[in-house]
């Protein structure tokens, strides 16, 4: 009698490390990044892949990615949040008002803004759970409500304008400002520029003064979320909730708490993007974050999340955001007629996802 | 005789205009295996779901260790020490076996930041599955790719592992092979001897007779009666389970019991 | 009196919010009840339905912008037929009279584009980009077309999303991949103009001229500081204010000017910018 | 021995007709319509519910509804089409070019436009099925591609403008024009106006010259789709495909054909809306149909469709479109400031869906 | 002996790196009930799925009525006259019983526009279900609200109704009550007598012995051998099904067979 336990099972073919890796949801997105990079290496101006060019497309990618990773977490948990984009505008308003009109220091403004956003997220989540309505329709309502509220609020606090300015002056000199705006590691970069390791302007200042902070936030967030998903009980609950919330609840997962926490996460991610962009731009207006909810979902889906929930990865959304950022900015570096921008964007998107799908199927031998 | 762990009194449950339970009384004592039997659609699953916190009864009372109790969620019931194998298994097909096994009660390690101890979880899963007679290829295989019986075994192994005071099994052996079935029956026996109360739902008279101490038969949402082991034989039990209706005549004999 | 304004731009668009403020101010001053409406996006079909809805209420006056005469013509004519006095503003000056519209207050987008182009060409521009944040919005497209006409040299349209980070990156990308570009025209000051200024600053290029349609306090500040060249102001506050007061006067005394009122273009350059900043911050310019 | 077969089952409580009706997915949407109507009866100008006011909000509702019903069918079949809005612009371009630049009669223009749209729909469907990618991401790519193609095409055919004009002149006098533009039954309405049964302008012309044709198309489409869903094998296949395409395929449903046909349906619905609006407006531009995909999905969801597929109704989407049309147009009849428009729209949406949910639960006794 | 309707020769099936079937040969003749037995995860379900067009085999040949055949979809197999009850039942929970019953093969009426004849469909559904021993409350009830056994009965009734030449049943009785089980076994007997070939998968030795004419046992993706009725007794069969491994000892006797 052979017992297969203590040896390899004869019913498993051996499997290479590459194959095992390719089975992870995010690996498809990585192959998409490679494809897009190759495409632009061939077609785009050389300056796209200089250090400054890379920072240039990574900045919007990072801002989108912070939203996209949160959206991916929520999507894995089986829900949508269409109010992210409006939340960026709304949180921007709150932050602006706290910083400019109330003149509070950042150490108060930022927690208060995040708190307000988290509160709204909790409202979203509670409504979804209480009514049993699809989150699509509930957060859609909040898309409109928050967008409208931002407009009304802005007009109220500025006395009629749709733009609230003076944020940069208000936060100047605050010890927290460097964490939320500008470039990190300026010292390192000017040192590198002095040595001639990176390009510098004639004035001697480095072309790239540092790493824009949003890129750091983006990376940190991708790492934390990946850790949470794969290595903590909470991650297990998120997958379970998204996979089948009924089965999860029956197995003792606190489904409601998980969902509400995820809605709070997306709202806070939106608030973080709002804080970063408002400080960076020095102003906020009623159209901030327009259509970002949409792009965040695209990012998550490119990154391998299933719309039906229960499957996906944060690191996939990370690469999804990079693909999206490269494609939207990259065309400007090429010689193609800019009228073709959208055709191109659509084509590249399709190509990237189809490509990563084909690769994955090849490697894993799925039908 | 010892005090019942759970006592359910005159439970009723309506779904919209459907009356699924129309007054069922039932209890489980420590160290006994109480079989719940009955025809298809009699209301067995609905009944055990009210016991494990999934449904709130429309009317009736639940006493847990003598105190009136109302579970707001399956999590509450679990924390009170009730583990259930649902008929639909409550498994997430996209997730790995280990993640399903520990879903909702993950073992943790680490200091300030509590991590999900995947290695230990994998090891426990493999071991518990082996005890049930299934050698998994790998604990990170998705449950969706398991065979029906393998999947059912995961659900049983999980419930047994976490069942502290009461273990509820809703047709646990329906998809199991002979070897796995005998393992499950042996497990029920072992668990019972540890003083845990077992509720066992089955359509197989022979399985029920093999491990049951008491037998309650439901019919069309109502209790037909409870019998104690030894007072009743297989044929009588089978008649009651069929709701008293006649059975089809088969050319080849089934030796009395199906 | 009931006066309804149906405009093609949204209340959250900084430009249109000024128009709306103008209309509201005129309402206060004249005592008329002003109702400002617009479709949720640049949508001619929905806009014609909004005009129809307004006509049904039989207001004492109707003010419309006409970015697409074909699409809006029938609805406007229906208003005229119903005996409602109609004034057009912002766009459609060339077709307004034929529809029976009393007069037009505004500037032709195309002409304003031409004016900007001529000015920038005169200042030595040789190669330009026109940054369009809403491609397909006809009135924005006309600005770029007019600009290309007036500028005379090469003009490339850069389409962007309505997102400052995206605009900034794309402007940088355009400048880096083609160092010959020396002129930038943006079609909205706060959404596009300000990030464009930031992009140029980040590249440390001071040989580039930036001009923008419309005003925002931030962009005007850039003009004051010499980071941007000028802003094209069509004084859209007037486009809201004047038609309302005209219609109010018409209803009260039967008064009406005899011809169209050009509200712009008006180039705000460094010397004038300072005084405008504060007004812009209040949504008046 | 009691056998319950030949009598009523004792395990069923009696159920009123109202209860049975309320269980249909669309009845929730109807209660939403009633709520919204009551709301506007109280707050809006009286003219909203005159005949001409009703036609006025029904017209956009009808245009949206044609898309929404098609989107609902597709959603029941388990897929999304985000390219509907762009398809409106693209089909409008094709139609405009055929009618104006080529000068073809409508009897050719219309079938050719529908054919082109159906072709694109089939491409959408085939890509979804072949690649196994979620339709969300595939049709999203086509959202961009078609939108971009419309822009490029318009510029090409008009010599640089983004607006193609002169359609009204081109189709004037064509015998098919009355079926796709203007108002139906003008004779009846002027007769009614003469009798004074309906309002007329001082000039004697009726205020409402007839029923806008799109309303008739809308109603016809709702009826046909409802019939197909509930009373034909195809309808059964659509529900099955959306419910679980694996189980459906295993039971012998031609899942692929069903999906491709549904994608063709949504594309054709978009083309129909394009034809109607282009003839009505006399022009087309690159932004036509912008965001309509979104609104179509909203309509279907308000109408009771599940985003996950397999549940919903065409008649529900019909009422969903009416709710959406009433709310967007109705606000202009009220005294609320336009700045509050979006807050309002969101609030009404939420209220309408929550209300219909509450009603349904009350009536059916679900938990 | 008559020609086999389906003959499967040396079928292999791999899922990525998992080898589910490693060379299985099997056939069904008209008028016989061929039982497919084996441990959990042996590959029974995978095997019958290649037979009914769901999976394409990685290697091996299928002969249908003597000719080599490759089904591209379950619909093809169905049109050839093969009806299957899958282990996961292939039911749509949100749809009504009738719609599930006729899914993919709706009865039509009407002239030019063919309509789905709901009334007749409802009537047939109620009738077929009654023959299986289930009295449905209403044919427009959603399948998702049925009990596990009721749902399984719908799947069986559907397959029996449409099974023209071959009827494949993958653990059809797993969730059924005693009365329904005896009905299903009687139905298999009746269908077989009409000259239809039946493939019957079960873990219950007694059920298999009651209706089977031949018995094929799979183990770990390979055929262990085929026995004809009468050549083998229940205990031997059970040993083979367990894959030759020992079974747990149970205090109460199960009378030899589980």
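Chains here go by letter, A, B, C, D and E, matching the order in which they are written, and residues are numbered from 1 within each.
In this text, a contact is a pair of C-beta atoms (placed from the backbone, for glycine too) under 8 Å apart; a residue touches a chain by one contact, two chains touch by 3 or more.
Keep in mind that this is a model prediction, so the values were computed, not measured.
Among the remaining chains, C is positioned farthest from chain E, on the basis of C-alpha centroids. Taking each chain's centre as the mean of its CA atoms, B is the chain most distant from chain D.
Computed centre separation for the pair chain D/chain E is 44 angstrom, with centres defined by C-alpha atoms.
Centroids built from CA atoms put chain E at 71 Å from chain C. Centroids of chain C and chain D (each the mean of its C-alpha atoms) stand 33 Å apart. Here the CA centre of chain A is 48 Å from the CA centre of chain E. Contacts with at least two other chains are made by residues 15, 18, 88, 137, 245 of chain B. Chain C has residues 11, 135 in contact with two or more other chains. Each of residues 3, 11-12, 147, 151, 155, 339, 341-342 in chain A touches at least two other chains.
Of all the residues in chain C, the ones that touch chain D in their complex are 11, 20, 35-38, 40-46, 48-50, 52-54, 56-58, 68, 70-71, 73, 81-83, 135-138, 141, 145. Chain D contributes residues 45, 47-48, 50, 52-53, 56-57, 59-60, 63, 147, 151, 160-163, 165-168, 201-203, 205, 207, 277, 280-283, 285-288, 290-291, 328-329, 332-333, 335, 337-339, 341-342 to its touches with chain C in the complex. By the touch criterion stated above, chain B contacts chain A in their complex at residues 52, 54, 73-75, 78-79, 84, 86, 88-95, 99-100, 102-106, 108, 113-116, 118, 130, 135, 137-138, 158. Chain D makes touch with chain A in their complex at residues 127, 131-134, 136-138, 140-149, 151-152, 155, 297-298, 301-302, 306-308, 339-347, 349-350, 353-354, 357-358. On the side of chain B, the complex with chain E involves touching residues 15, 18, 38-42, 45, 87-88, 133-134, 137, 145-150, 153, 171, 174-183, 185-186, 189, 203-207, 209-211, 238, 241-243, 245, 247-255, 257-258.
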